[in-house]
Amino acid sequence: MTALAVRAPVVWQRSTLLRHLIWAILGGVGFYLLSVWLSPFRDLQLAQISYTAIAAAGLTVLSGLSGQISLGHGALMAVGAYSTALLLEHQHWKLGVVLIVATAITAGVGVLVGAAAARLRGPYLAGATLALAVGLPSLANYHRLRETLGGENGLTVVSGPPPLSLGETFPVERWQAWICGLCLIITLFVLANLVRSRVGRDMRLVREDEDAAALSGVHVARVQVLTFTISAACAGLGGGLLAYVNSLAAPGAFPLSLSLSLLTAAVLGGLGSLAGAVYGSVIVTLLPTWSSDIAQSAHLSRNVYANLPLVVYGVVLIGVIVLFPGGLQAGVLRVWRAVRVTIRGRLR
Amino acid sequence: MLRFLDLTLAGLTSGAVYAAIALALVLIWRSTRIVNFAQGGMLMITTFIAYTVISHGGSYWLALVVAVLSGFVLGGVVERVLIRPVEKRPPLDAVVVTFGLLVLLQGLAGMIFGGTPRSYPPAFSIIGFRAGDHRLLFAPNDLWVVLVVCGVMVLLAVVFRWTSLGLRMRASAFAPEVSRLLGVRVGRMLTVGWALAAAVGALAGVLIAPSTFVSPTAFDAFLVFGFTAAVIGGLDSPPGALVGGVGLGLALSYVSGYIGSDVVALGALVVLIAVLMVRPRGLFGSPVGRRV
Amino acid sequence: MVAYTRLCVATAVTAAVALTASACSSGGSKGSSAPGVTSTTVTIGSTQPLTGPAAPGYSEIAPAAQAYFNFVNDSGGVNGRKITLKYLDDAYNPTQTLTLTKQLVLQDKVFAIVGALGTPTHTKVVDYLNQQRVPDLFVASGCSCWDQPKQHPYTFGWQPDYVVEGKILGDYITKNFAGKKVAYFYQDDDFGRDGMKGLDTYIDKSLVVSRQPYQPGNTDVAAQVSAIARAKPDVVVLETIPAYTALFKLTALKLGFNPTMVVSNVGSDPITVSGLLENFAKQAGASVKGDQLIEGLVTDAYLPSLGDTSNSWITTFKKVHDKYVPKLPFDGNVVYGMAYAYTFLQVLREAGKNPTRQKVIDALEKGGLTGPGLVPYRYSSSSHAGFTGVQVGTIKSGVFVPAGSPMTTDDGTGPITPYTNQQPAAPADGVPAG
């Protein structure tokens, strides 16, 4: 056991805000380089991973830090998507303004849902949010709202071309990836700071022991509703970007499996971990495509080829959870720590 | 009046099915405190197994027995292999594992049987009973469904209340450490709990199959409504599952008939929220004392 | 220290993963004069629901089309080029449809998208395909929205519009069931509503005693069917997919309700529907398989009947089916897939020795194509709609038996006129003649 070298904390270890800012900038640069390096189709996937990660990050904060299960975040994404689609169609605001308003609208819905959710615990909350995931998107089929919401076909979003200053042949997918990446970095920055703030501490307190929290002066229901609202806002932003990137808002895009995929992304990555939300989103978005490509090239019989991605997805989900308690993030950290210890040992 | 009767009878039949699925979910919850999202997938597989028996010339009753037995085995295997590692972990891990299992089962069923819906025979006639010069929207087969579900409910109540197996199962769920000290094989009881639940689910699958046709995704909606019914009734209450199931079935039938088929899913949400706001643990859920 | 490590690791892992992902990207073909075309191959793409609730039946279409392409490839292809169809599963989720369509266009660089299936799914990619100038041929949906040559010059329909079919069925009912009470049981989306629009043009509204919509995905239709039954119509028009045609019949049986059923061609494939009703035939007192329960069902068709074994198209398709996709049932979906595959081959041949995307569009707009259809296509520079009508008939002994002559109309207020030209015979080796 070496003697601990006590050093004065470096500037980035002292200020959380500064540290997060540095990582936001580095993350942004990394994202930019990646997006330029990838082909336009991969940029589309990068954009899809980004908006999924935004929603998953909100969900991981809700479920991991605050301990509230939600199986209904797909429905909240639908709220964000439809708000974005309607605003872009009827008002001619800039995309940034539209996204902010859509996020706010979803946050509003989040307050309502959160208020109802604050009374519920565990599987009862799960059941209520499950019913929300299935019930809310079906609102688009309600005959009185069919004119506005487009029914089964949904709404088409016309996303404008990238600004001319980037060049005439600049792929629109790259531009969309940049927008999603920027939103992702902002969201992660805000959430990371939130998690380390007093609000984050209150969330954790409430999750651990509601009565102790209440006795310490924390308003339990208020914290829970606030957390729900924040996670709903993230889902709303994710949904708005989904509408923008995929040019659509339709009920078929928000099945129950979307809500379950978001939850999967959060859990696979490691509940409560923002980085985990990112890895989880990568897996959840890319795994079906990979397994589909593999199935294609293997020349399998029709039924096997069509269903192989489902089998692979199920096996991976089960495998990762069973083998990596705490999710991938915990697994990765263990590896990283082991590596660091080895390096430190070698350097001595 | 006839309309109301039609809708009530239809709601009763579909409600019985939701109750059966809710019961399976309640059984699993009571034994392992896990919500089994793969329930719909498991009963789909056992129904396909039953279909295979029938398509090779087996009788309806043989297929039923095979379905229930294979459900029992499947439930036990799933608990032992997949659920045991995640039982002590945060509940969301089990949610994702069971979701993964659901997707896996649907994929396997798709690979083996393909997506085409298969016809499944009913046990009894589907021609409605006569009442004057009308036929009711209720046939001998529907009566069979309702009676079977009630019968299973009673049977399980008897097992839990009056047999030593039932006592051991209840003890393992309620106080595992103490039960272990008293010589109860807790792990085995958990497995039996899952096996029983899956057997009940398999039965439900065979009961639903004639009116939904058998395909990998045919039972998805039933899981959602079954779970909703279980939550409405209270996840730790078998009678709650029956009440929740029938209540939800009736409510959705009235919504579909009087308001429109486009708001049925929304109707389920409204009913659920209405119940949970008044009783956050479901109608018959027992309030849990809090340790401070 | 830990949070910083986390974000660091996150970025690194994401980058690594994405890098690997992009490394797996398949290269596009080195096109000669068009993407997807080489000197020996033409690659086309399609998005289909192969899994999920929309898969039943429809998942057979693309494999059947591919089988027909393989058959033609085996005798040398078209103009010396073999056709490769790459079809991907979108599970009827429009987000997936968009992703896969972009994959086919950007990664696989397909020459054209052929036979993409679904209205809610395809309406979301039409703008993109037209912007990218990718031919979007023979969309597998009866929505009238594919016929917009000014807005979407690259998109073409194929099957008859639901409104067209509705008009012809409505006309048939008015002529053959004059004065009888009618009810509609329809899918609550464009398919059902467009069909009703067509029906209403010809059926007197005062005769319609009930209109009940159902939501696809929810099999509990007891409330709707009982509402229809209690209104006691003589004729019920079903704008349904096969599962719901069967569900209607079952609930009707329960209520002792036996109307004349008039079913859209979408939901009337005899093999599929009787298969679903197989186990109930005995209940209704019949000793035969499900065929008994669909006896007398009125429906329509625009391709030759499967039971017409003297028809050269059916024999050709059956030959191809038996050799290349014997595991699929030989039903309406298979015939559909092979028929549009044939249409694509015709258009490809017309496009000449060096096909380009524009040549394919021009070939279609030139019009005059004939093939397995019972009616002509509407293709021209002012219309991108497919078949102009249908032929009404009845199902007898499990097989569609046409009545009268095929009828053609438009999806507006145009009249219904019979079409009397003979259907051309299928080419001997299945390859379209020059």
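Letters A, B and C mark the chains in the order given here, with residues in each chain numbered from 1 onward.
As a working rule, a contact is a pair of C-beta atoms (placed from the backbone, for glycine too) under 8 Å apart; a residue touches a chain by one contact, two chains touch by 3 or more.
The model shown is predicted, which means the values in this text are computed figures rather than measured ones.
Novice: Have a look at A-C versus B-C and report the one with more C-beta pairs in contact.
Specialist: A-C
Novice: Based on mean C-alpha positions, I'd like to know which chain lies farthest from subunit B.
Specialist: Measuring from the centre of subunit B, the most distant chain centre belongs to C.
Novice: Find the geometric centre of each of subunit A and subunit B from their Cα atoms only, then give the gap between the two centres in Å, rounded to an integer.
Specialist: Comparing mean C-alpha positions, subunit B is 32 Å from subunit A.
Novice: Which whole number of Å gives the spacing of the CA centres of subunit A and subunit C?
Specialist: That pair's centroid distance is 37 Å.
Novice: Can you pull out the residues of subunit C that are in contact with at least two other chains?
Specialist: In subunit C, 50-51, 55, 59, 188, 215 touch at least two other chains.
Novice: Among all residues of subunit B, which ones touch two or more of the remaining chains?
Specialist: Residues 106-107, 110, 114-115, 220, 260, 262, 264-265 of subunit B touch two or more partner chains.
Novice: Residues of subunit A that touch two or more other chains: which are they?
Specialist: In subunit A, 138, 141, 143, 306-307, 309-310 touch at least two other chains.
Novice: Flag every residue of subunit B that touches subunit A in the complex, lowest number first.
Specialist: Touch residues, subunit B against subunit A: 29, 35, 37, 82, 85-86, 89-93, 95-97, 99-108, 110-115, 220, 224, 227-228, 230-231, 235, 260, 262-266, 268-270, 272-273, 276-277, 280-282, 285, 290, 292.
Novice: Across the complex, what residues on subunit C touch subunit B?
Specialist: Its residues touching subunit B are 50-53, 55-57, 59, 188, 212-215, 217-224, 226-227, 230, 243, 246-247, 250-251, 253-257, 272, 275-280, 283-284, 290, 329.
Novice: Show which residues of subunit A lie in contact with subunit B when the two form their complex.
Specialist: Against subunit B, the touching part of subunit A is residues 63, 69, 71, 116, 119-124, 126-128, 130-132, 134-136, 138-139, 141-143, 211, 256, 260, 263-264, 266-268, 271, 303-304, 306-318, 321-322, 325.
Novice: Help me check something: in the complex, which residues belonging to subunit C touch subunit A?
Specialist: Residues of subunit C touching subunit A: 1-11, 13-15, 17-18, 21-22, 24-26, 50-51, 55, 59, 63, 86, 88-89, 92-95, 98-99, 102-103, 106-107, 119-121, 123-124, 127-128, 188-190, 215, 325, 327-328.
Novice: Provide the residue numbers of subunit A that touch subunit C in the complex, in ascending order.
Specialist: Against subunit C, the touching part of subunit A is residues 12-13, 16, 19-20, 23, 26-27, 30, 34, 37-42, 44-46, 48-49, 138, 141, 143, 151-154, 156, 158, 173, 188, 192, 196, 242, 246-248, 250, 252-253, 255, 273-276, 278-279, 282, 286, 289-290, 292-293, 296, 301-302, 306-307, 309-310, 329, 332-333, 336.
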